[in-house]
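Letters A, B, C and D mark the chains as written, and numbering starts fresh at 1 in each.
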């Protein structure tokens, strides 16, 4: 594969960091401050898009910054998988920025400068994770992301926010330092390198037991993927302002966790090694448990954002499950679930936020009859929940379909059952919300409420529309994914 | 003149100290300027020496023109050259940053303060550079006596007693070291490190040499505050005046840790230390205990400065453990951690000193709302805290990386667990301060209100702030360049004596 | 605590005693300590430094660098005592004076004071012990002799036991005798605090300065041979002169520091009557 | 008996100094009064000085001042006639160090006494706790 050296990946990361001094500098002038956020988001997206043709023609963009540890440079490489993830995150950042302006101003939130700053840092780190060429670079960006999101989670600064922040840190940093770091060091000790390669860098000479322990350590170490039992930080993190929950806790942060697991399985161990030793069975079991438990807990939630959080936990494990099936369809399903779930879930969060801005309500039981007051919002909510459940005409259908096929391909009928049951459960917790909104009588508390500000409304409409479009034009994604699969599976099978 | 750099490095601040004290009786205001000059020159010299050592290799400087076993020699290799740079950097930057406080707080005895400050630096530089066992003792005493008196100038209620306890422990440590040197001298008849190194191998099985090693080691360990012998450290470093805190706390213990490594490698040999004495496992376990106990005791403190002193105890455990695992990777990690720990302890104490301007005390409760008040100072505090925790890309992460890697190679899994555990405890330690400083406003528990109005920004003056920010940036740079630090400077020296 | 102390003492003492079994026996002329490094000092010092007292030669030349720091340690102690104890602001404003002709004590409250140039009044502490005539006279008589002896000890260090440290201590003692026999104020009047401070720095500065001067002249630090370039003597004699210069520096420093430590410790930094 | 002869009698000097050292060390750790601790410290240091000086002794050796003819006549010097000068030089340094440490420690003790009016360690601790 041809490799191009370019600083574009680095620029993509730095684009949002450059904006920080400007954001701080204009902290007294909100319009300018937000302009710089948009500028950063736009330029970041454009830089990433500009790499698309290169990658699609089968080349790989690399940027080595310098050697940080002997044999392990701080290095960025753009491959199709990373690019897919980066595209999703950076495009959604633009929409989230628009939404943030509406949301933060609508509620008159405090410390907005800090909010925009750390948002920009978090995005830089996310892109950094997507483009990391080796485990150490990935780990560095992963930790930066953990720290950058902490002030966002604790944004409200009250006792609840602080204790959630503590829990968030305890889970995320605890797992990454306690499990991920030693696993990485042991890998380095065994292999002498940390650079991802299509066939994995952990050779078959290592005993199965060690590999198994390492895999488990990595999977739990990436606690951002919220595989049970390390999931409790995600519902806690819902105290953050809604745009944070939307972008970070539905797209960037949690997807980073999942992305790390994908990288571990495809780049560190290699699909073939795992397949030949059938090491992923425990991961599959964990993912299945998480899918079911997450959905079951979501059923009992009344707080809308917490419901979405548990839904996210269960949906993330779809991706983990798809990857650990190690079959072509399963991987396709997992990869395509990244954008599908991202667009679906961010819409749902935008809706939850819009409802909060307009009514101040957080609980589902208080939203009866809201569909008449906020028809656009609730319609978007309906579309997005269809997507998450996996029903046409929404993009989510594609990923579910591929996952189901993958489970058959991998000869794991139980997984098939889990997927189907979970879809039913998904419907079970989303449909009542929609039903209550449209078919119940409007409660006096929400009577006379109008739609949220335009800044909130436009992004959520756009993401909902995209969710539908993706079902009919999945080609760009498929093309990227087939490139990625060629690397991952084609290398060996 | 460049040939005399090794001597001038130590004697320029020495001469400056004398001139300052003499001048302080005549013209007080010129003291600060001379002190700055007296530290800038050695800083430049140390950098030049590092460059020279990297190009030409090992430098041996014979003082008075006498050849080593008879005269005293300075031996410079890349490792101690870099430690020298670290010492001069910290001393110079700290003096610039805290000069304002020194001038006001010790206005009637500033000459004495600067003189002792410089002499402390002289002592440390000499300890690092010297190639003579007895010369090391004398310089150690210079550093100690100046250290005692600087510490005693702190909180008048507690500092003198803490300092006197330090005198007792420190004297026991120095005397033990001296006894050990005496035993070596009886058996070999030499005091020069390289000469002793050459004479020792036939004597490795002599009990006198083993006892000599034990006593030298225990002496040095008392001075560096290694766990069961650390009792003097928390009090001494808690009540020290803040301009001296950010000088003594980062340097003294770390330089002594370097002395330990030096004793292990260039006086005795790794073969003796790791084969003849089968104690390396025991020492590593002791280091584990040091790390855990340090971290746990830090957890029990509400006073931030006292908490940091226990973190120092724990960090010393890292270095000792790394050094005693006995392979090149872990030893490199230990040496790297000496440098990193100098920088991060310096940064954290310096920022704490700057923070103390805006708070009533060092209790965690006093930190509430500080981020609004002194954002940049707090940011540097955060960076140093993250470095102590070991978050990449700050430097603390990389020394932990090598330490853990070395522990994996050496099969010391307990040490790995302990390192990770202490990182986790450090997260708790620092984030409860960060939380207080960032997200709690004093008195009113404001939710959804603009906090900016209630707290005015009262940032630290630039003369302190700029050095502080530079140090924080340096923490990140040292982290990023730690790969070259290891490859160019540490590994070649360390692996010469180790596997 | 006592048991712990006993345990530590027995443990370390036992170790130390156990290790003595490998020592050469006492006074063995063939022990490594007597055969490895030291013979060269004895054989060559006269030839190389022109100093018959080998201890002086080793102290100030072969291991002169150690001795420079040794002097620095003393200096540190002096500065430390000054810094720790010296009080510039008196705690109580009350002043006491003794009218010398009549022996009456005058107690002044408030800000007023008698000029220190007054011949009739002498400043005293609240409690005043009368001087002893015999002690006063004898000590005053002795001081010059003590000082003369001190100078001899410094100057003759090349040829007999003695040198800067010993001479300096004796020199310091001559002033301290005054402080003990009369009172501290008398001693300080003779040898002021300012002069003392400057001299303590000057003494060590002479030592380190000679070393640095050698470096400036192009040799190693403290290599007195380089002094032959400016002194009208040979290289060996230059070493001998270098040693003398250094010893003088040591003597000044030690004297000044001893006085400084005594003054500060005896008066708790108040510089009043003293003990 | 042999053991006694070879180890105790021939090296009784070391035994004495080590016992002296340990007395000092014990006082430093166990005594309650700070001044007594200081005295212990001095005993400890002095014992080490004695220990070093005894290293330098040589049977039949005299003080290391070389006999020479005035005018610097050259003749071979027999090193076995003089004791080893090096430990003496080292101990001159050690004496100075111990004096300096003692001076600083006394100054500290004075400072402590000025504030708390006691030098007993337990009383000091209770007074610190009270304040």
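In this text, a residue touches a chain if its C-beta (ideal position, glycine included) is under 8 Å from a C-beta of that chain, and two chains touch if they have at least 3 such contacts.
Quantities reported herein were computed from a predicted structural model and do not represent experimental measurements.
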item: Which of B-D and C-D has more C-beta contact pairs; value: C-D
item: Chain A and chain C: spacing of chain centres that average the CA atoms, whole Å; value: 74
item: Chain A and chain D, separation of their C-alpha mean positions in angstrom; value: 70
item: Inter-centroid spacing, chain D versus chain C (mean Cα positions, whole Å); value: 19
item: Centroid spacing, where centroids are CA-atom means, of chain B and chain D in whole angstrom; value: 29
item: Where chain C touches two or more other chains at once, by residue number; value: 12, 16, 20-21, 23, 31, 33-34, 37-38, 41, 63, 66, 70, 73, 76-77, 80, 84
item: Chain A residues counted as touching two or more neighbouring chains; value: none
item: Residues of chain D whose C-beta touches two or more other chains; value: 21, 25, 55, 86-87, 90, 93, 97, 100-101, 104, 107-108, 111
item: Category of the chain touch graph - line, ring, star, complete, other; value: other
item: Sites on chain B touched by chain C in the complex; value: 1, 3-4, 7-8, 11, 14-15, 18-19, 21-22, 24-26, 61-66, 69-72, 108-109, 112-113, 115-116, 119, 122, 126, 132, 134-135, 138-139, 141-142, 145-146, 148-149, 152-153, 160, 176, 179, 183, 185-191, 199, 206-212, 214-215
item: Chain A residues touching chain B - in the complex, by the definition given at the top; value: 66-70, 72, 74, 107-111, 136, 139-140, 143-144, 147, 151, 154, 156-159, 161-162, 165-166, 169-170, 173-174, 177-178, 181-182, 185-186, 188-189
item: Chain D contact footprint on chain B (complex, rising order); value: 134, 137-138, 141, 144-145, 148-149, 152, 156-158, 160-161, 163-164, 167-168, 171-172, 174-175, 178-179, 182, 185-186, 191
item: Residues of chain C touching chain B in the complex; value: 12, 15-16, 18-24, 31-38, 40-41, 61-66, 69-70, 72-73, 75-77, 79-80, 82-84, 86, 88, 194, 197-198, 200-202, 204-205, 208-209, 211-212, 215, 219-225
item: Touching residues (chain side chain C, partner chain D) in the complex; value: 1-2, 4-6, 8-10, 12-13, 16-17, 20-21, 23, 25-29, 31, 33-34, 37-39, 41-43, 45-47, 50, 52-55, 58-59, 63, 66-67, 70-71, 73-74, 76-78, 80-81, 84-85, 159-161, 165, 261, 264-265, 268
